[in-house]
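First chain A sits with chain B, and in the next complex the same chain sits with chain C.
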Partner chain A sequence: MKKFDIFQLLKILIPIAAVFLALLLGSVLLLFIDVNPLEAYRYLIFGNFTNKYNTAEIFVKSTPIILTGLAFTFAFRTGLFNIGGEGQMFAGAMAAVFVGLKTGHLSPFLTISLSLIGAIIAGAIWGLIPGFLKGIFGSSEIIVTIMFNYVALYLISYLVDKPLRESIGFYPQTDLIGKNAFLPYVVPNTRLHIGFVIAVIISIIVYIILWKTPFGYRLRAVGFNPDGAEYSGMSIKKSIIISMAISGALAGVAGFTEINGIHHRLLDNFSKNVGFDGIAAALLGSANPAGVVVSSILLGMLQTGSNSMQRGVGVPANIVSIIQAMIIILVLAGNMLRPKLELYMRRKEKVIE
Partner chain B sequence: MKDIFNITFLIALLSASIRLSVPILFAALGGMYSEKSGVVNIGLEGMMLVGAFAGVVGSYFTGSYWIGTIVAVLSGMLIAALFALITVKIKINQIVSGVAINLLAVGITSFFYRALFGITTVPITVNAFSPVSIPILSDIPIIGEILFKQTALVYIAFILVPISHYIFYKTSLGLNIRTVGEHPMAADTVGIPVEKVRTACVLISGALAGLGGSFLSLGQFNMFVDNMVSGRGFIAVAAVIFGKWSPTGVLMASLIFGVADALQIRIQMSGVSIPYQFLLMFPYILTVVAVTGIVGRTTSPKALGTPYEK
Partner chain C sequence: MNTILRMVSISKYFGTLAANEDVNLEVKKGEIHSLLGENGAGKSTLMNVLYGLYQPDKGEIFFEDKKLNLRSSKDAIDLGIGMIHQHFMLVPVHTVLENIIMGMGKEKGLVIKEEKLKKEISEIAKKYGMEISLDSKVGNLSVGQQQRVEIVKALYRGAKLLIMDEPTAVLTPQETEELFTTLKIMAEDGMSIILITHKLKEVMFVCDRVTVLRDGKVTKTIDTKDTNELELARFMIGRELMPIERKQEYKVGEPILEIESLSHEGEKGEKSLNDISLTVNSGEVLGIAGVDGNGQKELAEVIVGLMKASSGTILLDGKDITENTIEEIVKMGVGYIPEDRHKRGLILDFSVSENLILKDYYKKPYRKTLFFDFNVINKHADDMISKYSIKTPGRHAEAKKLSGGNQQKVVVAREIHKLPKLLIAVQPTRGVDIGATEFIHQEIIKAKEDGAAVLLISTELSEINYLSDRIAVIYKGGIVGEMDKSDFDENRIGLMMAGAN
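After this line comes the complex of A and B, so read on.
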């Protein structure tokens, strides 16, 4: 019994160790630019808690990361690499803005629900196409989803430039969506909107679908052993297409929370790199929904903190991208080395016996 | 009158196509080395970005763009070494590792750019390559104009194609690389050091991607901007697939992407009423078409993407 606990603990200890190691490596960089790491990290971590607004910002930042993280997780668990969370989020955002502009005068519940549904459908389509190409032609979903990121990016750039440009026509952005389509705030005087709650609920739903339903079991079976799954009568093609569509839909919701919760309009280059932050969160959270939520909050904290670090000690906020990438590499390396570590610990235990 | 306009237009278009295909060609040739040995390298994007940045830094501090280029190659190899360590040695999934390398490259370049040059809004410009006319050849009408009035790196890129072809198909080294990519266990059995070959190939891919990146910053834009590679590394990955893992195929694929890019810019300038964003999408959509196998089924190296366990 005790042995079991140690190995379970290892699963959690590896990400924690990775975070600390990455921060340690970051401090080397800070020394390189003549900044006291302790001073900088004080801002990075405690800068988040100086006031209510900043603390809420952690959850604001983490909301789309949770959703794109779930998108990656869903595809990953079914044996696919969806690197297109970013583009699917953009697709969702386009739909959400369109619905918000057209139905903003309806009752809040109605217009918000319609925006959400629109974002889900748009994201699902943006994921479905690569899934379809993978299922039918065997094209690499990795390449196609990456390319679709750029296509979506330029599509937004076109929309805000021409057909949906604001009525004044000054900036390349759309008009504000109707007031009724704004997501309600959860904490007053902050930007924390109900999108965070929605993201957490969706993560629970994803968990239930993947691990508690026959449908999810089938999808995971295809990911785990495609040949075996096909032999037992499951259609690989169908499962690839469905899985990519669901994955895209999840990322699409991130577009909805960003538009209806934060920006209230569509603009170029909003929420840059959130799709890739989601991949980071999924890997850090060992591709399970609870892990994704926790990791996303951590990444949100690093990103919010990095701004106060830049203000406080003049360290470029981009250092957080380095730390984030190092965390992923270290977690993955740790997971690869875990079997060896376990073996080593087992041997030791035997000696003690 | 109209004829002359058309010919000058065509010359300008093709000459630009050559130029625009070069960064993709460098990276795709690099990617081919890595893939032939069995390692998928999605990290090309990040390696190019590091090369673009390092090239500018080298040129800025020494005043020599050649030293800048060398710094770019070495930096590309350095980040490739990390990629090789985690994919070949520790055997982390290659796709995920590539994503991590790309994130790392974005972080490193944007952080150090600000650390070195301050949080400025105007990008610094550096000494960069200018076109070199090759004697006699550049006097050939039309062709000389298109092919032989380019920068030095362009010539290097195109010379690398036959060299790579020779290495892959005429030398034992090339045979070893291909064997490792097709059947690592067989390679191991006959005494080819699988991990060493793969590491070397990944390092080559880093060097070439670094060169491709430095071409962007020292041969095209004369400056570094955050995320300036903007997908060319990913297009290079597609060019390897599109080019069916052969140097000449990769050359063709890169040229097609170059033409697409040049055409896009020219249509944009000519004021045709197609929104320019749709033209910008063109290379990416072409890539999607390329990997759907419209050009015929392609066969990748058999052990592509799978780490070798003894």
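After this line comes the complex of A and C, so read on.
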């Protein structure tokens, strides 16, 4: 059994090693611009924890990343690449704002629930369309979801510019949604709202659906081996469409938490790149719901820390984007090398015997 | 006769697995030497070591009394060691001539001296009684002809020792016979040939000596004239072969599967099934013999609903299922052991226990309301593993970690244990070791005796002969003949497999 554990450990060790290696490579960049990497990283990592507000920001930032990460994970586990988490999140946000504007006067429980449902439906539709095109016509879900990101992005631009522009008509943004639709805060005097808790609960639900139910079994079977799934009487088309809809719905919830929890209105370019950060979190977390939560928090930490690093040593916050990109490349490289590493370790064992 | 090749105590490890351990192999000049063993016994590893594709962890190779230190297959080829793989390494869109000279350096320069090369190659071919047309495109040749191209290619490169990996797997009996004639001429001419195989009949028929491998070790090297098939089987699997138990009395029942003038067209409109009519009754095995690629796969897939028939009807138990989907047909109780267990039969990344419920995952008792009942699933898996003696590290091991034979047992267990009305078995023992083959044959017979109608589709004539009550032969998508088991005649079936009637 001990041997088994080593290989399990490798799964976790690779992302950790990737993070450290990426920080190491990032320090070379910092040296180029004459910054002491140790000092910069001190701000990056510990700058967050100076006060309650900043610490809470980590979880605020990671909330939508968890959800878009789960969206990618769900599709990935069922054999699909959903690169459209961003657009699906926007779709969810549009629905959440619309519901929040119209039903903001109802009781909090009611209006929040309706916003959530609206976001789920909108995100699901945004995922369903590429899923449908893939299932019926075989068009690449990667390309269609990417293009759907732009459709959602420009749809928002249009909405906040014209039909939903705020009543005073000054900025391209909507009015604030009703106070009752605001997500309650879990820690006073911070922006940390209940959305984080919702995201963690959803990650558990995703795990249960995928691994503990016949429904998830079918979706995963289609993902691993469509031919084998077809042979055993499962409908591949149906599975693809359902998977994409669920994946989209998960990302849609990110739109809901961002609108009802943070911005309280729809504005151009809000929460940009969160959809892609979700993909990063999913890859870093080995497409595993628990891993997604942990890596989302890590990414949230880097992103909030980058601001304090900018303030502290004057390093552009963008350097974190570079580090984040390197983490992903290194994780992927590590996963490519894993079979070789395992083989090497097994060979060693032989010698020890 | 003097020795051309000596491999001395070769060991090769993959991780903790000893693929070869202390293997000695000696091949004489002008000898056809068989390397016999089950799948996974280490035959291919040993040959890959000889061909320079693997470096041995221990041991030495002497070729023509010189110690070898092979670093790549090119070294081996230069020394005169040729290898013909199971899957041919030819370029289909090139001509035979182009394929033969490819990679020899003769195609360099501005002009290929075609006439001179053609003359040289034709001479070699003629010498060993092989006819090949050098200007044909390889893609248009039959499998047997392609194999000849491979042999000529090896000879033209000056091979003194030819390794052939399961050469008869893809041939009709007639083509096999032609091949063996060629091999015998080559041996008489002083060539040495290593024939990798697991078919005992071939060993006895064509080889001079045989080295038997089991679990990576040599169990015996013996002259074929001093041994027999039964003894070789014992060396190979380490125990006696058990004859299949058959009930003396069992009754053939009602027709279960009735196929009436069934046709199927491929994507380009070519007819892959042409006007097929067959009936399989409860309690009997109908064997479909034929060379690979003559519509066997299509026949099975059209019946189970994976492909759509273009015309004709299929009745299951009297009900028309021609238009039904696979989902519906699976639910009607049709068991199907597909040709390709990796592509169709298993989800390789799923565990053994998950694979065992692949067709019943949504049914009770595996499901409690919305969730799986893992107690039931695990117990089912353990039952199956012991009942069908599936060798696995455990029920949670991924299917891809199992050996081919045990993977196939998982498929067979899943398809047979529910007592299907109709069992379709396509190549049920392809790439499976003798022990598992024996077991799977026994299970098919049992299913039949329990009243299943069995449609057995196989390219192995011996398997067809062994299991079937009636035999039909398929050629180019059509049934060219049907006969009772009592009329089994290998020659006649062989001719039918090649299209003669």
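The definition used in the following text is that the second predicted complex is superposed on the first by the 353 of 353 C-alpha atoms of A that agree within 3 Å, B and C clash if a C-alpha of one lies under 4 Å from a C-alpha of the other, contacts with A are read in each partner's own complex, and residues count from 1 in each chain.
We take it that a residue touches a chain if its C-beta (ideal position, glycine included) is under 8 Å from a C-beta of that chain, and two chains touch if they have at least 3 such contacts.
What you see is a predicted model, and the numbers here were worked out from it, not measured in a lab.
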*In the overlay, answer first, second, both or neither for which of chain B and chain C A:Asn225 touches.*
second
_Contacts of A:Ser321 with chain B and chain C, given as first, second, both or neither_ = first
*Which partner does A:Pro184 contact after superposing on A: first (chain B), second (chain C), both, neither?*
neither
*Which of chain B and chain C A:Ile142 touches, first, second, both or neither*: first
_If touched residues of chain A are counted for chain B and for chain C, the larger one_ = B
*asked:* Contact-wise, after the overlay, does A:Thr213 reach chain B, chain C, both or neither (first, second, both, neither)?
replied: second
*Can A:Ser235 be said to touch chain B (first), chain C (second), both, or neither?*
second
_chain A positions touched by chain B in one structure and by chain C in the second_ = none
_Touching residues (chain side chain C, partner chain A) in the complex_ = 13-16, 306, 325-327, 329-331, 336, 338, 343-350, 354, 358-359, 361-362, 366-367, 370-372
_chain A contact footprint on chain B (complex, rising order)_ = 42, 82, 86, 90-93, 95-97, 99-104, 106-108, 110-111, 114-115, 119, 230-231, 234, 237-238, 241, 275, 277-278, 280-281, 284-285, 287-288, 291-293
*Considering the complex alone, what residue numbers of chain A touch chain B?*
29, 32-33, 81, 83, 133, 137-140, 142-144, 146-148, 150-151, 154-155, 157-158, 161-162, 273, 276, 279-280, 283, 316, 318-326, 328-329, 332-333, 336-337
*Over in the complex, which chain A residues touch chain C? Could you list them?*
208, 212-215, 217-218, 220-221, 224-225, 227-235, 343, 346-347, 349-350, 353
